[in-house]
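Each chain gets a letter, A, B, C and D, in the order it is written, and its residues are counted from 1.
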Amino acid sequence: MNYELTAREGDLIQLVGLTHKHFIFILKSGDEFHSHRGIVKHDDLIGKTWGKQVFSHTGAPFFLLQPSLADILNDLPRSTQILYPKDIGYILIQMGVTSGQTVMEAGTGSGSMTTALATAVGENGKVISYERNAEFQRLAQKNLERLGLASRVTFKLGDIADGFDITDADAFFLDVQNPFDYIEQVRNALKPGGFFCTLVPTFNQVEKVLNGLRKTQFAFVEVCELLLRYYKTNPSRIRPADRMVAHTGFLIFARKMEETTDPRGAQLAQEIIGIEDEI
Amino acid sequence: MNYELTAREGDLIQLVGLTHKHFIFILKSGDEFHSHRGIVKHDDLIGKTWGKQVFSHTGAPFFLLQPSLADILNDLPRSTQILYPKDIGYILIQMGVTSGQTVMEAGTGSGSMTTALATAVGENGKVISYERNAEFQRLAQKNLERLGLASRVTFKLGDIADGFDITDADAFFLDVQNPFDYIEQVRNALKPGGFFCTLVPTFNQVEKVLNGLRKTQFAFVEVCELLLRYYKTNPSRIRPADRMVAHTGFLIFARKMEETTDPRGAQLAQEIIGIEDEI
Amino acid sequence: MNYELTAREGDLIQLVGLTHKHFIFILKSGDEFHSHRGIVKHDDLIGKTWGKQVFSHTGAPFFLLQPSLADILNDLPRSTQILYPKDIGYILIQMGVTSGQTVMEAGTGSGSMTTALATAVGENGKVISYERNAEFQRLAQKNLERLGLASRVTFKLGDIADGFDITDADAFFLDVQNPFDYIEQVRNALKPGGFFCTLVPTFNQVEKVLNGLRKTQFAFVEVCELLLRYYKTNPSRIRPADRMVAHTGFLIFARKMEETTDPRGAQLAQEIIGIEDEI
Amino acid sequence: MNYELTAREGDLIQLVGLTHKHFIFILKSGDEFHSHRGIVKHDDLIGKTWGKQVFSHTGAPFFLLQPSLADILNDLPRSTQILYPKDIGYILIQMGVTSGQTVMEAGTGSGSMTTALATAVGENGKVISYERNAEFQRLAQKNLERLGLASRVTFKLGDIADGFDITDADAFFLDVQNPFDYIEQVRNALKPGGFFCTLVPTFNQVEKVLNGLRKTQFAFVEVCELLLRYYKTNPSRIRPADRMVAHTGFLIFARKMEETTDPRGAQLAQEIIGIEDEI
């Protein structure tokens, strides 16, 4: 990323026009940006200070900005269901994803979580991302390349029912329709103590995932959801927005624990698996 | 961070005992961990596989784990109000905090956001954190040192009413009781297009911050809050938890825009400042 | 209301057609119901069992139903902002509105709360409803007449700044844009211990109402809001609806207390006015 | 209920003391109210204006009030899980419970919904309430008697698996642990078009109820929940309360429809049963 005060060739930039219309693309000398509000030459943007207004050949105004990760994720060309920044931010924190780690994901989808993971593990980290749909994978790869993050990602094509050839992942984000069918495989891919997360839209899926996690000795199971409520920003009429996104999905977190044979530890094992909740 | 399968000297580890009691500390050969559930020798933990149970001299069981960032933040010795992982995760994503950036914060408090920022900017990034209470600062410094993150942080002591000697911060998190008094100073510290965020508990503060942001030409103002709802995890009785944290704070985001003199851009400038919302 | 099993002349009925289109009207022998889905003769509905399907002359199907109060309120011809059943139900319960009472309201608006109040006070109760816009009042009157509730309501036209000629209302629902300007007048209209409620959309209004209530010795002040979240009803894919109404308004409740001169009661008076919350 | 300005013998009254301690009882000449804050003679309360302070023999202050329905419900001596006013208010509105109706309920529990229903159907209405636990029923009966509402209620003891001897109830509130086992019986007790409601705490129960409703041709099925969020009332520090009740139960509403044999109505029948949601 460019931390200078001005836009440079090769930068990923965002133009924001009237009615909050925005466009994210890479600056390349000689290229032109075309929209129904007119043309802007890339060379007129290169060297310009961030946060300035620029104008198309028809006089339409745009602000020149660097997109945030949230902007990029919201704008990602997509073939599949999207992940929301509110969920992504929380998943990264809860799974403790940080620079230098090896983290896994299935499926890749359009690559929005791949992008977030690749950003979080940094230059020395590694993301291994599985997808069984070749077309989805191609789009995700293109998305990651455009963002300069592809080198951190190993894209794998195939059916995860067969398992994974990794056994020491720090964290695994499982984003498929039937996550409950692959709990065993994910467990084998994680290092001891490793973090598991899945996001499912329906209660029926939550039920099946919980049963699967319990059967395979995952511990510290948490089910939660995040609700994001916007407020109108006129200071003399502050109030919640009239409508909101009411549901993206239920988040389920867990950690891989080693089985306990020592009888002294049986109660603790039950407790962290969540069995004491039933009483 | 240690990405091996076993605990090593110098690692930050977490022991989890019965009734979800947990303890985070650094492993040091020769040391002992003392709790009312007995003693565990550090040397008995070094070399042990993550996710295993260990036992104190009285036979009390503990699981040996690496703490996630969320675990660490929840456990941070604190002198001030805490920030919740749900808010921290969203702030990092929305402000686009990523490796290599220079980001700022005031006040430091106990260092929980400092920890999150230092983690996100990575080894090549920089966090500049202001605090006017020397005691708070000392605790935060100690917290960051323990986590091995202190080298990424410049701690500054003083009154931020005097402004900052930086003018190109990528992002600024303002966490003080009266953020509305420092909007101008923060604006000067940010690079063009830079991200602003503050978190305030009351509506009255939201009102004042919104007025301040509008006066100083901040744009893309968003006010929101995140609600985290937990669910009980017994698969045959899935339901939301009976009680929840109903409020941590309102998040206010904005970006620094350059003033517009070109009349063609006046409408867009008003729009992104949010003035069209009033009608 | 008709508690027989079949529809009778004079009944308020509801026809529900495809895509949840519904129509509420009164049955009158000789009349015809016209919609773009064809014609249904009222005489074909009279004597029909509730819950049955009927067909228009073009063969379009409709279910014949008695509308609930919620159906009626949602369908009320309206000139103003609507009140939601979730809020109305809670207001009635919290203000203890029950049969035989004298309750007041300002402004009448389209008469949705008037309808709910007139229903709750029953045949021996009385609703006194103020409105300063004659056109709104006329519509509300028509709405109440259609529902057979007009005899329970005294409609008054005028500016409530001048106060009210009642001094013993059991409850007062104040539904105007600037409720904070009429707290004193409402206090004078209420009997000792009487219930006050207002609903305002913005925080700024809440602030002003709270200041007004405190100045006039109202007690047991409560501010709250109700969020109604729908779930999808396919039993194999149960999940919250994707979007929801995120805000209708903040509800503010209070009760009229008599001033205390006895010094032994000063602390209790402060407590129920809510002043101890400030510390 | 007494709509005078002063308390009279036989009135149900509420005394509110310091720290929001409150007591609901019936005034009876010669009786005494005892609490650890001293004694108040009923004769000192009879004839007193509502909203006034009174003092115990030790000088402890109390406010004299008429309790609202919500106050009464919150205070009801209980042997079972409570129903919250927020849910009760919405249920009454959604089921269209109004004066003169015949409504049913199972189980009676402590009689909180019985109280609300008896209040809503008025003097000419009727509540038929089933309970299989004789002890619960006795407490509920006592509660209703104290409130002067017992004459509107027929209490029945027995197992509802055997069905009901009523076939034309306007509405039925089913409040038992396994409501899905009695859908058929409830259907037979309702008049055509009649309203059904149940409240269940877990998703697993929602699933079973939805399956039961679909099998028995109930229509207009709605699943929802109400969240009540309180705000702190200090006007210079307005903010949501720190914690809240996050879950009371899922409300499920439906209406009894007659089966359709006419093929022209098949699509509409499917639509209102909710089957089109599945696609």
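One rule holds in what follows: contacts are C-beta pairs under 8 Å (C-beta built on N, C-alpha and C of every residue); 3 or more make two chains touch, one makes a residue touch a chain.
Just so you know, these numbers come straight off a predicted model, no measurement behind them.
Chemist: Using the contact definition stated above, find the chains touching both chain A and chain B.
Modeler: The shared contacts of chain A and chain B, listed by label, come to C, D.
Chemist: Determine which of the two chain pairs, A-C or B-C, is joined by the larger number of C-beta pairs in contact.
Modeler: A-C
Chemist: Where the centres are mean C-alpha positions, what is the separation of chain B from chain C, in Å?
Modeler: So the centre of chain B lies 45 Å away from the centre of chain C.
Chemist: Going by the contact rule already set, what residues in chain B reach two or more other chains?
Modeler: In chain B, residues 203-204, 206-207, 229-230, 236-238 touch at least two other chains, as defined above.
Chemist: Over in the complex, which chain B residues touch chain A? Could you list them?
Modeler: So the residues of chain B in touch with chain A come to 1, 3, 5, 16-20, 49-53, 55, 59-71, 73, 85-86, 88-96, 98-102, 116, 119-120, 122-123, 168, 170, 191-195, 203, 206-207, 210-211, 214, 219-238, 250, 255-258, 260, 262, 264-265, 267-269, 271-272, 274, 277-278.
Chemist: So in the complex, the part of chain B that touches chain D is made up of which residues?
Modeler: 201-204, 229-230, 236-247
Chemist: Can you list the residues on chain C that touch chain B in the complex?
Modeler: On the chain C side, the touching residues are 203-204, 206-207.
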